[in-house]
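This is the structure, below, for whatever I ask next.
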C-alpha cells in the first residue's frame, strides 16, 4: 500500500505562521479583571509527518491588560496554520506565546480539543500568568 | 465588491443607551446573601465599524443589597442597545457599570456569550465586588 | 389595548400560603451529613402586579438534623403558591424560611429557576447555615 | 391521611374559559398554504377531581384561511384555563373547537404534552380538516 | 458460582396481572380521530427464568372510540406486573390485549423499550386496528 | 406604567427591505434536483405595533433552476429586516416572494422559527412550487 | 376511591435485605488512592406506606483499602431491595453502611437519584471518611 | 515505521463465527405483526487486512413468524465476531443471513453503525422481506 | 482594511482533485439492496474568491451495485479537496459525479452540511438514481 | 444452561500487554505546566473469569516532563489489551504504571469508564503525582 505513502500534501514550516497580521486594540476597562474567551470550532493544521489534517476546537481565555486582540486579525492569524506541519501539543503552546507577546495579558490559557486520530482525541491546555 | 461597503446601517453612539428607564424595587431579604441571576438569549448590539449585528446570551448574576432591578425596566434598558455601535467586550463592562450604580449590590457579574463572527465566538465576564 | 388591563386573574395574599400542611418525619441517621435534594419542575405562582403565571423548576437541598420533610406534605405546601401574588425573588426566600422553621436543618438552600418573562429568565438561590 | 382530602383548591367550570378575549387579524397571503405553529411550554389547567395542577407543552399548528389569531389574545385565552377543572384529553379538543370557530382555518391540529401524573405522562393530538 | 443459582426471587404467574383494577371513563369527542399517548419510564416485570428485573419505558398510543382509560387505574394495572415472570415480547402483547378489550379503540399500539440485558436492549411494538 | 408606552424604537416600513443588494450566480448542475438549504440563527425584525425585536432561526430550502443566491448578498438582504416593522407570519412570506423572483427555483420553502413572545413561540413555513 | 386503598403490594421488612450475598475480592493497588465508581440506572425499592415502587439511579463512589466489591454479588445485593419497604433517604444510608462494613474503604459515598413521586424527585448523598 | 507492520493481531476466518450457539424460542402471538428490535452498543470485529478492531452499534429489527431468538444465545453469537476478520459491510449482511435462517421472520433488517476509521464512520443497512 | 485583501491563501484549481487515488473493492451481496452510508465531520475546501476555508460534515449514502469504495482511498480523495477553490454547492455535486463513475451504484446521494459563513450555514443534497 | 459455560473465549495473561511498542517523543515546552489529555471511546479487555468483553472510554490526562507519548504507539499499546483477562479496576492502574514509567510526567491520571455489566457500569480513576 505504498500508494498512500506517495501522496504528497503541502506541509509548510513554522516560518509561514502569519504573526504579522495580528493587531491589538485599546481596552477601555484595564483596571477590571474581565475574563474574555474566544472560541473557534475550525482550527486546522497538518501532521508534521503525514501532512494529513488535524482539526480542533480552539479556546483562548485571558484577562486583558491594556489591550484586546482585534477579532478579524485573530481569524487570519489562526487560518494561517492551515498547511503548517506542527504537533498538536506544540501548536497550542505556540499560539499562547504569540498572543502573550502581542497583548501582555494578566492571564491567558489556550485550549486545543483535537478530533480523533487513530481513535484517540487529544486535548491540550497551555497557561500563562495566574487567574487571581 | 465595494457594493457592501456602501450599505449603511444605523450605528448610534453611547448616548442612546437608555439608562433612564432603569428602575429598582425594594428587596425584602437584604440581610441574606441571595444569589439572583437574569438570563436573556436575545441581547443585541452592532459592530462599531461595520454596523453589522452582534447577538449574545447575556447573564446578570448578583447578590443584592437592598434593591432588585425591576424586570420590565431591565428589558427596555437592554433592548436600547439594539442599534448602538459598541465592542462586545465594552458592552458587557458598560452594562455592569450601569447596574452597579442603580442597585449597589454586594456582588455582580455580567456574562456576554456572543455568537460567532468570522468563525470566532466571544465570551466576556466582567465582575464587581466579591462573591463571599 | 386596555382590553387586557381589564382581565382579572386571582391574586391571593401571602396568608393563603399553606404552611399548616407541612409535616416532618424522623430521620434515622442524624449524625451523618447526608445531603438531600428535592426537585420539582412544576412550581408556580403569579406576578403580584399582573396576576400572570410565573413558572419555575424549584430545588431544595439540605443537610437534615433530626427531621426530614414528608414528601406528600411538601407537594401540597408548594402547590398552595399557585395563585399567590409574590415576586420570584421573594418566593424562594419565603420557602427557605418555612422549611428551615419546620426542619431545623444543619444547612439548606432553595433554588428557583423561573421561565422567561419578557425574554428574561430569573434564577434565585437563597441559603441558610453552612455546607461544611 | 385524610388531611390531604380536606385540602380545597379552586376548580372552576368550563364557563370560566375566556373565549371572549380571542381576536383574529387579517392574513395577507390567504392563497398560499402557509403552515403556522404556536408553541407554549406553560399551558396549565387542574384535575377535575383533585384540583391538582396539570402542566403541558401546547402546540397549535394550522394552515390559515383569511385570518391569523392575534398572539396576545391567544396568551390570555390559554392562561384562562389555569384554574379550570378539565380532563387533559378534553382540554386539547376544546381549544381546537374554539380556535377553529375563530379562524375557520383550512387545517388545524392541537397537541398537548402533559407532564407525568402518577409516573404516567399524556400526549393528546386533536385534528380538524386535512393537511393537503 | 452456584451461590447465585440458589438466590430465589418472587416470580408470580400471569394470574396475578391485575386486569380487575382497570377502569374506563366516557370520552366526550368520540367522532374525532384524536390520538392519545400515555408514557411511563417505570414499567417493570421479571425474567420468567431468573426472576431478575426487566425495566422499560412503556408507550400506549390509541385513537379512542367512546372510552378513555382512567389514568390512576392504568397505573395500578401496570404496577401489578412488578413481580410477574413474563418475556419482554409477550408482556407488550398482553397489555395490548387487555386495553383493547377494555376500551374497544379504533386503533392502539403499545411500545416497550426494555433496558439492556447482557448488553442487548429490546424494543417491542404491538398494534391493533389501522391508523387512518 | 405608561413610561414604557412612551419608549420609541425605530420601526421602518417595507420600503426599507433591501431587495436591491440580492445577487444570483450561475449554478453548474441545473439538470440535477439538488436540494440546497441556508440556515441563519440570527434573523431579526421588529413588532409592527410595539417596535420590540422579534428573533428567529430562518431556513431557506430550495431546488435551484439555473441560479444560486450569492451568500454574502443574502446576508445583507436578511440583515436589512433588522428595524422593519413586520408580522412574523408576513416576513416569512415576503422573503419567499423576493427569493423566488430572484432565482426562479423549481421549489422553495422558507421556515421562520421565532423565539417566544408572551411565552408563545411561532414557527411559519411558506412554500412555492412542488418538491418532486 | 378506596378501591386503590385495598390494593395490596408486597412490602418486605429490612431483614429481607440480602447482605449475605455480598463478596469482596483483593485489590492489587491498595497503596494508591484510586477512585472507583459503580452506577446502576435500575435501583428499586418500595414506599413503606403505599407499597408503590421507588426507582433510582444509584452511584457508589469509593477509594478502596485492600478490597473491591465483586460486581455480580453487588448486583444481587442491590436487587434484593426490590420489594423492601424503605424511605428513599434511609435506603441510601443503609447501602453505605453495608458496603463500608464489607470493604473498610478509605472513603465512600452513595448517591440515590429517585424518579419523581407527586412531581417531586429526590436526590440523596451519604458519605463515610474523607476524600483526601 | 514498519514497526507497526510487524504487530500481529488475531484475525480468525468466517468458520469461527459461532452460529451453533443460536437458539429460537416459541412466539405466543405469531398472527400479530409485532415489530421487535434488539440493540447492542458493543458489536466488535476486526479489519480483514490490519487486524485492528472495528466497533459498532448493531440494531436487529424484525417482524417474527413463529419464533423469537433467545437473547443470551444472540449475545454469545454476536460476541463470537470479536476476532473475526470481516469487512463492515459484509458483517451486517452475514448476521442478517444467519438470523433469517434461524427465525424465518416475515421481515428483518440489520443496521451496523461503525465508529470512524480514518475520520470516516460507516452505517450499513441490510434488509429481508417487506415491512407491510 | 485592505491589509486582509493582500493576504494570499493557496487556492488550487479542480485539476488538483485526486480522483486517481479512488479504489473500488468487490461487494459480496450485490443482489441485496443494502444501504451504505459513510460520514466524515472533517470535509474541507476553500472559497473560490477569498481562499478562506469552508468546513462541512459530508455524508455519502448509496445502494451498491457490485462495488464498494475502499475506505482509505475515499479518505485520501476527500482530503485532496483541502486547498481546492470550489463553491460549496458545486463540491457536493462533483463528489457525487466522481463516486457514481467509480462505483456505478443503484442509488447515491451526497450531503454536505457546511459551517456558517457570515452567520449563514449551507446544506446541499445531490442525488443519482432512485431509492426503491 | 451449561451450554454457555462450555463456550471458550481467548483470555490472554498480562505478559501479552505490548509495553514494547510504546514510544516517547521530545516535548518542546517542558518548563510550562501544559495539561494534555488523550481520550479513546474504544478501550477493550476481557473479564478474567468469563472471557466476555469489557468496553470503556479511556482518558489519559498528564502534565508532561520532557516527553510526550507518540500517539500511534499509544494506540497499538492500548489495542493490545483486546484479549487480556484483567479486572477493570486493575487495567486502569496497570496503564498508569506503564505510561508513568515511559514518560516520567509531573502528574498523570487515567480514567476508565466501563459500559454496564449486569446493569452496573464502572468508573475508575488512578492518579500519580500532584496537579499543582
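Per-chain numbering from 1; labels A, B, C, D, E, F, G, H, I and J assigned in written order.
Convention: a contact is a pair of C-beta atoms (placed from the backbone, for glycine too) under 8 Å apart; a residue touches a chain by one contact, two chains touch by 3 or more.
If you want to know which protein each chain is, UniProt gives these names: A, B, C, D, E, F, G, H, I, J = NADPH-dependent 7-cyano-7-deazaguanine reductase.
Since the model is a prediction, treat every value here as computed from it, not as a measurement.
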item	value
Set of chains whose contacts include both subunit I and subunit B	A, F
Chains in simultaneous contact with subunit D and subunit J	E, G
Far-end chain from subunit A, centres as C-alpha averages	E
Greatest separation from subunit H - chain, by CA centre	B
Selected from E-H, A-I or B-I, interface repeating E-G by over half of its contact pairs	A-I
Cα-centroid distance, subunit E relative to subunit J, in whole angstrom	43
Centroid distance [mean C-alpha coordinates] between subunit F and subunit A, Å	36
Where subunit B and subunit C are represented by their mean Cα positions, the distance between them in whole Å	29
Distance between chain centroids, defined by C-alpha means - subunit E, subunit F (Å)	47
Subunit E: positions in contact with at least two other chains	41-42, 72, 115-116, 119
All touching chain pairs, where touch follows the definition stated at the start	A-B, A-H, A-I, A-J, B-C, B-F, B-I, C-D, C-F, C-G, D-E, D-F, D-G, E-G, E-H, E-J, F-I, G-J, H-I, H-J
Residue ranges of subunit D touching subunit E (in the complex, touch as defined)	87, 89-90, 92-93, 116-127
Interfacial residue positions of subunit J with respect to subunit A in the complex	25, 27-29, 32-42, 64, 68, 71-72, 74-75, 78
Subunit I residues within the subunit A interface of the complex	1, 3-4, 7, 9-10, 18, 21, 41-42, 44, 52-53, 55, 72, 76, 79, 82-83, 115
Footprint of subunit D on subunit G - complex, ascending	115-116, 119
